[in-house]
Amino acid sequence: MKFNVFSELEFEAATAGTLILNIHALRTPSQTILEESFNIDPYIKFEEIVSVEGNRLVRFEVNDPGSIKVNYKALVDNCIKVTDHSTSQEASLMHLDRSILPYLYPSRYCQSDKLYRLAHNLFGEIDSPFKQVMALTEWITNNVQYLSGSTNVETSAFDTVTEQQGVCRDFAHLGIALCRALTIPARYFTGYAYLLQPPDFHACFEAYVGGEWTFFDATRLIPLNGMVKIAGGRDAADTALANIFGDITLNTINVGCDLAESQFDPIYYFPDYMSGLSYPV
Amino acid sequence: MKFNVFSELEFEAATAGTLILNIHALRTPSQTILEESFNIDPYIKFEEIVSVEGNRLVRFEVNDPGSIKVNYKALVDNCIKVTDHSTSQEASLMHLDRSILPYLYPSRYCQSDKLYRLAHNLFGEIDSPFKQVMALTEWITNNVQYLSGSTNVETSAFDTVTEQQGVCRDFAHLGIALCRALTIPARYFTGYAYLLQPPDFHACFEAYVGGEWTFFDATRLIPLNGMVKIAGGRDAADTALANIFGDITLNTINVGCDLAESQFDPIYYFPDYMSGLSYPV
Amino acid sequence: MKFNVFSELEFEAATAGTLILNIHALRTPSQTILEESFNIDPYIKFEEIVSVEGNRLVRFEVNDPGSIKVNYKALVDNCIKVTDHSTSQEASLMHLDRSILPYLYPSRYCQSDKLYRLAHNLFGEIDSPFKQVMALTEWITNNVQYLSGSTNVETSAFDTVTEQQGVCRDFAHLGIALCRALTIPARYFTGYAYLLQPPDFHACFEAYVGGEWTFFDATRLIPLNGMVKIAGGRDAADTALANIFGDITLNTINVGCDLAESQFDPIYYFPDYMSGLSYPV
Amino acid sequence: MKFNVFSELEFEAATAGTLILNIHALRTPSQTILEESFNIDPYIKFEEIVSVEGNRLVRFEVNDPGSIKVNYKALVDNCIKVTDHSTSQEASLMHLDRSILPYLYPSRYCQSDKLYRLAHNLFGEIDSPFKQVMALTEWITNNVQYLSGSTNVETSAFDTVTEQQGVCRDFAHLGIALCRALTIPARYFTGYAYLLQPPDFHACFEAYVGGEWTFFDATRLIPLNGMVKIAGGRDAADTALANIFGDITLNTINVGCDLAESQFDPIYYFPDYMSGLSYPV
């Protein structure tokens, strides 16, 4: 599918400082960047670096106080993959690639060590990892209310279990923490989202089942095949859209994701569905 | 019912200090103390005071380092009351006695303010407060595992929701917090417990429904009519068996509760039961 | 001192519900209410009750959706007391009145059990309880930043120790928790505050030293003798200005406290001051 | 320096499961493994993998219930480096290698985002990053009490700030969290420790100052140059000595680290010291 995506961020710098942004669409064999532009106004020389997780960061120094506008645009062609998980077994811990192991461990916002008993009480009896993730995603959808502004940057999965409210970030963190508590590797996934209302950056998660990083979104706000991936990581700490060092404030965010071809067949999961969608990397 | 109860506490004082104990059986119109003795060895003059909640405290100063043995024994005759709650309505907040209001508010170990959404998601649709408390008690029984030593004196209801393990104290705190989140007054209840294995002090809770402080025990470790009440309060902070000031350690606890008559018909709640048991005060 | 105080609260009721307000100035031997009026618009019959802590509550039912304006005004004559604490000793736990004991225990927002080591590391060596409270109040003033909107109704003393920001409520909770961790009884104090900018309800705390409930305010926003007391309790859970049951929102608060006589000599504590101010009850 | 190190772990498997151990001494240009042996009794085929952080993991499957003994021994020759930090400046965020960026972000046990204000209040005014880390390490030493068994695997830096007790793991987590809050990259460091009493695995931390991963140990239990490095990572979640999947219990740990040459000149930091020790990798 082809998508036109863009984001405009407006910062106000009170002092000099450094910004590290993570808003570029990921460049992978299955996600091709056909066109792309990135501008900073007023002009600042920037460096593009690739994070240890493989995400595309932009880093630049702000030397003067004042307003800074950042503008990113891209035409992206990505493809998704649908895998039948009817026979997917629990991942053998003996054969997990070393790059996947970190996604089994607790992280800042996904304290899976504290959710062990809860996860096993709720989903421990389910006999396939794909069904477990489907079940926990549905449980989040049914129990957590999407409520703009109800949480903040310190809110973690441990809080959300009980507070039962949050935004996409919180839904994703809880999904990841529950997966890891069940010994299913899981990671955070940020992107541009087609049909998201109101338009914004979106966060979902991937669980490693049947040898695939399978995509899940407990918010049910968008079709599963409508994402343009920006970044993957353990949780929001790894994939912040902006890491700000210095007294600089992010004032406005304007984001968009439009279809760049004529047809789109939305994909959703339904109960008892045994096929999983993935964004291959 | 008549019960012989006793408790023996052994403290080791490294320095001088003050102890406030709350191990005396409550004296109420429906719980008569037929015989009672309280000794401290070596002898220390003590004062008996009644707490603001009406509990019987014993206070004394330890002037010398060393071992202190406290021994309490009583023969208690108490009676319980069974009330049909088929038609019990939600308590009118307009008519709640002022003495009951504090049991609506969050306390140290029962952060009902943080469990509001969870309580309403799980039990908000249930149409009678008695059924709500029955349901939440059963939910705790089914989801929290009784595990000696799994929690400590800082563990609160907010933790137990997610950690799903604990001892009687934690079961009671969670029950109370869920009740209060549903605007049902609830309080902590400590006592000597008949048939508790291994013998120990026990903690349960009361919810104010249908004009009665109705008794609940999510641990299901004892028959509901087997308690000799020691104390009531907002949570364990109000009803600690020993408040210790100074470098004094409680080393051993030995507790017992035996039937002092020939027959005992145990009472348990069952699903769909609409009668509640209370210990009138 | 004579003060004119007033408060206007505007609620919006989406459904029927019950309100319990705690905005009346306390009536005590040393705080005389010379004139007073309380109105609800549209008119609703209300009941005045006295809480178990002795605070003046107003309770009424809202039967119809819509806007409700509450208006309270009073002319109050209060007097404060100044006590020399040069020789005040640690309170003997043997002689504390039973009404004071609850203020030694941890409560919802003042988890003194968790701050024991911190309190003793910072203030344990100080040799008089008055100096300890002076020192901890100053420590809060120096380390916690007053920042409107930085905290919410779930923020507790345990959070504030580390987050080091908050509003008057958080300053008071931390002061109370530190006192209790040092075995100094402490309680929450709400009131109308003269010279507070911007005008608002204010929260401070009292510590029981030298046989007096001595007044402290770590925010240093007002002169210590400028309060008209509304309520005392363990923490904000006991003394909420409005307990709301039902889908009713408190939209606006308008508060004032003006001097009703010609002269006012502000009192502040200074380092090494050994006199404490109290609002006798 | 040459050290003989060993560790013996005894597991009891109730069911089949998988173990991932991280007890091998790291192999780096400056830490040479002269001799090494690793045995599992009864014999189980194992795989050695290198984690994404570069640590040496051993992974094996336990197929049968029963006791498993693991034995690791090595003769290691490592060297440390001493760097003068008198003129070390704040790291330029523009020039930090991408491999260092993750050590700026909060992690499971090091919630630097929550300690921002505390870190800046305490150490923000200090004018060199080396002095900041020296100061915060000393602050931890002075304020946190080393107390075996006082914390557990869920305890995090946020807890330790207030609870002020813990073991080496907690001292390291707090050091890391404070560094990151000051925008100083910091990571967890586990190893075999010479002269540690009682012998055990040890945990410390490294802060990235003056272009070096400089070594710090707030416990002050060992000479700084007495470590044989096992692993580095964001916190204990990345570097667990044993990740256990299945119902397998680690029952006993026996660890040792002896000098394998005749002389050892212990190095400690002292106040106002401006030289830092590092274990080059």
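We just call them A, B, C and D in the order they show up, numbering each chain from 1.
The working rule: a contact is a pair of C-beta atoms (placed from the backbone, for glycine too) under 8 Å apart; a residue touches a chain by one contact, two chains touch by 3 or more.
All values reported here derive from a predicted model rather than from experimental measurement.
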### Query
Common contacts of chain A and chain D?
none
### Message
Can you work out the whole-Å distance between the CA centroids of chain B and chain D?
### Response
44
### Task
Just give me the whole-number Å value for how far the CA centre of chain B lies from that of chain C.
30
### Message
Residues touching two or more other chains, restricted to chain A: which are they?
### Response
114
### Query
Which chains touch which?
A-B, A-D, B-C, C-D
### Query
Residues of chain A touching chain B in their complex?
114-115, 117-118, 121, 143, 145, 158, 161-165
### Query
Which of the residues in chain C end up touching chain B in this complex?
18, 20, 47, 49-52, 57, 59-61, 93-94, 98-99, 101-102, 104-108, 111, 113-114, 153-154, 183, 237-238, 240, 243, 245
